[in-house]
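First subunit A sits with subunit B, and in the next complex the same chain sits with subunit C.
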Partner chain A sequence: MPLDLICPAGSLVSLKAAIDHGADAVYMGFRDNTNARAFPGLNFDEAQAAEGLRYAHERGRRVLLALNTYPQPDTWSRWTGAVDRAAKLGMDAVILADAGLMRYAVKQHPQLRLHLSVQGSATSYEAVNFYREHFGIQRAVLPRVLSLPQVENVVQHTDVEIELFGFGGLCVMVEGRCLLSSYCTGESPNTAGVCSPAKAVQWTDTPAGLESRLNGVLLDRYGRDEKAGYPTLCKGRFEVGGETYYAIEEPTSLNTLDLLPEMLKIGIAAIKIEGRQRSPAYVAQVTKVWRAAIDSVKKNADGFKPAPAWQAELNKLSEGQSHTLGAYHRPWK
Partner chain B sequence: MLNLAFPPQLANVVSRLPAAPPSLAFSVMANRLLWPALKTLDWQALVGRRYAIRVKDLGLSLRFTVTQRGFAPDSGAPDLTISASARDFLLLLSRREDPDTLFFSRRLVSEGDTELGLTVKNLLDALDPEQVLGRLPTPLARAAQRLMAT
Partner chain C sequence: MNLSLGPLLYYWSRDDVLAFYDEAKNWAVARVYLGESVCSRRHLLRLSDWLALAEQLAAAGKEVVLSSQTLIESESDLKTLRRIVGDGRFRVEANEWGAVRLLSEAGVPFVAGPTLNVYNHETLDVLAGLGAQRWLPPVEMSRATLAALLERAPAAIETEVFAYGKLPLAYSARCFTARHYNLPKDDCQFRCLDHPDGLALATREGAPFLTLNGIQTQSAGVYSLIGELPALRELDVASLRLSPQSRHMVRVVETFQAALAGETGAAEKLVRVMPGPAVDGYWHGRAGLEHSTEKHA
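Entry: the complex of A and B
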């Protein structure tokens, strides 16, 4: 089953929207900082997770659990407890980043399928194979830093299934290693499960424009007709050498519809859609477009061309002004 | 596409009304129609905070707080203010648009306590529309279903 469609679910309603619109699998997190979308009111308690699993399994789909943050020494048992609950609930796989937690999972629940999270930041086949050898991982999600020929090189040298991000918000390309949010707020995705925690974010409409601040640091000021983005440090505009511009990264969304035929040819196992923090409406709209696109490329890879209506729908949902093919399509290495 | 624009004359009249009667009317209506479906949610983080919903094209401002027993009009400084057009509020309510999408395109403005705003959003997102519809008076449920199917 190449090109499985893996969709985000921040709530039971989103999970059902993903399944109803054609996701092959959904990924979710528990209601704490064991996953990298630890936002207030988002995610699943145990009863909701069980109901989600029932809904998906009845329809022949799978549920993956993101346990993709790094356990902290004084709360280690929260992470191992989450692995235990995942096994008990019958999750189809857990998505892990931390090697210690993988070791725990393998020892306690040898039947539990393990995926290596993008936060694990494994960019070479040597790294992927290391996780295979030591923890028996079945799949790895590659960071969005590799070009497609580099991805192909990884696929050719490992038995591990490879999953790629296909659509959604884009990080500055140091996934699993970014501490920018910590620099401003003391909390980052890897340690606290959240980038730009909401309690540190402030939006103010001023005569000069809409201002976003993170713990008092001005990130951006949007003019009247400019599209806004998420309030993250990496996507702010800063004054450098007398000029004000996106000094780290422009807020764009990843959209790889154009690359689907190549991904199919290379042997990519699954395409991941970003956005557990988004609403059921987003999940339904994105899943519908990607289901149609993947079905179409599987039917006729050579003649595949993304429908303009798909691109328009995806652009509407995007953060920032434009979308990009990301690192997958760059001439330099 | 639905034509949900309000006649300017009507907006003109509505915007001149004092805020208190619409806020009172909103609380009474919301308690009667929506609270039965909403009361099972975990309101803990939201109780006692002050909210303002600004319907920009109508010049309408609904100000209320949430108690253990439902909505109550409130005139204090809001902790959270959400502003959008009537049409965009309807698109959100009928689950046809994602709040982040409207926010990126500057059609939805959230001011005040960002964490409170996110909590409200996630709470409402997790609400099963079927459950809400099931508890609405039949004519209203039918109208809502039509809106969601458009």
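Entry: the complex of A and C
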């Protein structure tokens, strides 16, 4: 089916919220650094994963397991163990980034469906087809760096289903190719499954304003009337050439609702909602809006117009309460 | 252990590039990586110019490797990649997996670049099986992880380590240099030319933090493993990559060469020609911006 709605499940409650509000599939991680949202209190142990699978399968939906960090040499077996558990549990697919781990999965569990994670940084059909030929991947999630015509070019030159990010936090860097977090804190998404980890965050109220620091590095300073956001490294204000501004990216979210007709037309298989770290209420609201929007565009692509109520609802949930079409819309670049 | 001159990551005038590599012919580097690996808009040297330069450096006795573009976005990027692979005269450094596909299909040996994300021995083994004869770990990899990886690694592959220069940390669809000048990327007016060592980004309290280099973000700190030569030798690292900077590159090469020959005091000498504060946290398994001697002092 085109435009499957893939929603985040950071917990069993979120998983049920997503399924109840119309997700075609959810994605989750195990409770360790084998996935790129290795946050305290988040994710699933084996029993919870089994319960989540049961809940989803009873309702005809699917569960995907993110194993999308890069395995480390001395703890290699943690990642292969996770692949084994995924197969045993009956996951509908595993989302992998590492070529070595894919080789293991294909060899040990040839029936297990493989998706290439966004962390695999594949931005061309040559790269996507590499993973297809060598490991038989069925789907690839593209980094949030291509314009829609560039995405279309990928779709036209591969048999692999293409999944795009539709809504949520916006990585301005190529996923899997960003080490800013480890440069500042020692931990990056690739190895530790975290970006700008909470344990490195420090808030200080100073006469100059509220300061956010990451491992001691000043990321921003907020005036009394400014709303302070989570100090994600690339969304801080810095000095370049004597000017202080959001030198990398504003604290804004991705929202591609407007692009749904085009995504349908070019043959996008699935839309991913970011946010396994968000609350079950957030997941429920976002899923509900996107379910309605996708149903609407499938019914009548030419006449599709995002309902003002959907946009208002999503704006309320967005980081910094503003959103962007990101790289899909070329002028953003 | 020998020295490699990494690909030029900045955008310099044509004259400056040609003068730089003309000098490099006489430097004590075994290997020179050439080509535009950061931004496809940079065009003062076309691929044919890089290939001509490659011939000259090869004639001067250097092993030449062509570095492929790290972020491939368009069909025209792929066209350039196919020409690099198809040329066949020189070895190619694959900086993303599309290049790996083309090189392995062509059946030629290649270098697996630092952005292929080889974090473990299994992935290295996959690449070795496809024809990689040399590889570079991600720049964030620590000595301990590299040691653990190499213990289990396939035998017939050479390891090269990024050992000097501002660290390439991230790649984006967005150009941060153009953004600084309020210009769209498609009409960037090639402002990178004004910043031969990148555009400095500091925190709001003036601490150097990062370097903007078009679509690439680098560290402000200059990574240096010149004090780690015994550890690198113990790991049987074949080559050290020195990343080009606009001034004093000859001194950087000479200082590393002297250190390899056993001269002491090289680290202090190197600091004088660095375009930023020294950092080496990654090598020690810590935040990249840290420096070991400062920590211990």
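Here are some notes:
Convention: the second predicted complex is superposed on the first by the 323 of 333 C-alpha atoms of A that agree within 3 Å, B and C clash if a C-alpha of one lies under 4 Å from a C-alpha of the other, contacts with A are read in each partner's own complex, and residues count from 1 in each chain.
As a working rule, a contact is a pair of C-beta atoms (placed from the backbone, for glycine too) under 8 Å apart; a residue touches a chain by one contact, two chains touch by 3 or more.
Only a predicted model underlies this, so the values are computations on that prediction, with no experimental measurement involved.
Model built by superposing both complexes on subunit A: subunit B and subunit C fit together without a clash. When both complexes are overlaid on chain A, the residue A:Ala292 reaches neither subunit B nor subunit C. By the document's definition of touching, neither partner reaches A:Leu325: not subunit B, not subunit C. Once chain A of one complex is fitted onto chain A of the other, the partner contacts of A:Thr191 are limited to subunit C, with no touch recorded for subunit B. Once the two complexes are overlaid on the shared chain, A:Arg221 sits against subunit C while remaining clear of subunit B.
Seen from the C-alpha centre of subunit A, the directions to the centres of subunit B and subunit C diverge by 120°, a value given as a multiple of 10 for the model superposed on chain A.
Legend: residue contacts after superposition of the two complexes on their common chain; A:Gln202 is shown touching subunit B, with no touch to subunit C. By the touch criterion defined above, A:Ser279 reaches subunit B but does not reach subunit C.
With both structures placed on the common chain, the touch criterion links A:Thr123 to subunit C but leaves subunit B unconnected. Touch criterion met: A:Phe238 reaches subunit C, while subunit B stays clear of it.
A count of residues in subunit A touched by subunit B and by subunit C gives the higher number to C. After the two structures are overlaid on chain A, the closest C-alpha atoms of subunit B and subunit C sit 18 Å apart. Touching subunit C in their complex are the following residues of subunit A: 70-74, 76, 97-101, 103-104, 120-127, 129-131, 133-134, 144-147, 150, 153, 172-174, 176-180, 182-186, 188, 190-191, 215, 217-221, 237-241, 243-244, 247-249, 327, 330-333. Contacts from subunit B toward subunit A in the complex involve residues 45, 95-101, 103-106, 109-111, 114-115, 117-123, 125-129.
Contact residues of subunit A toward subunit B in the complex are 10-14, 39-42, 197-199, 201-205, 210, 222, 224-229, 277-282, 285, 316-320. Residue ranges of subunit C in contact with subunit A, taken from their complex: 70-75, 77-78, 81, 96-102, 115, 117, 119-127, 138-140, 145, 148-149, 151-152, 167, 169-176, 179-180, 184-186, 199-207, 209-210, 212, 217, 219, 281-282, 285-289.
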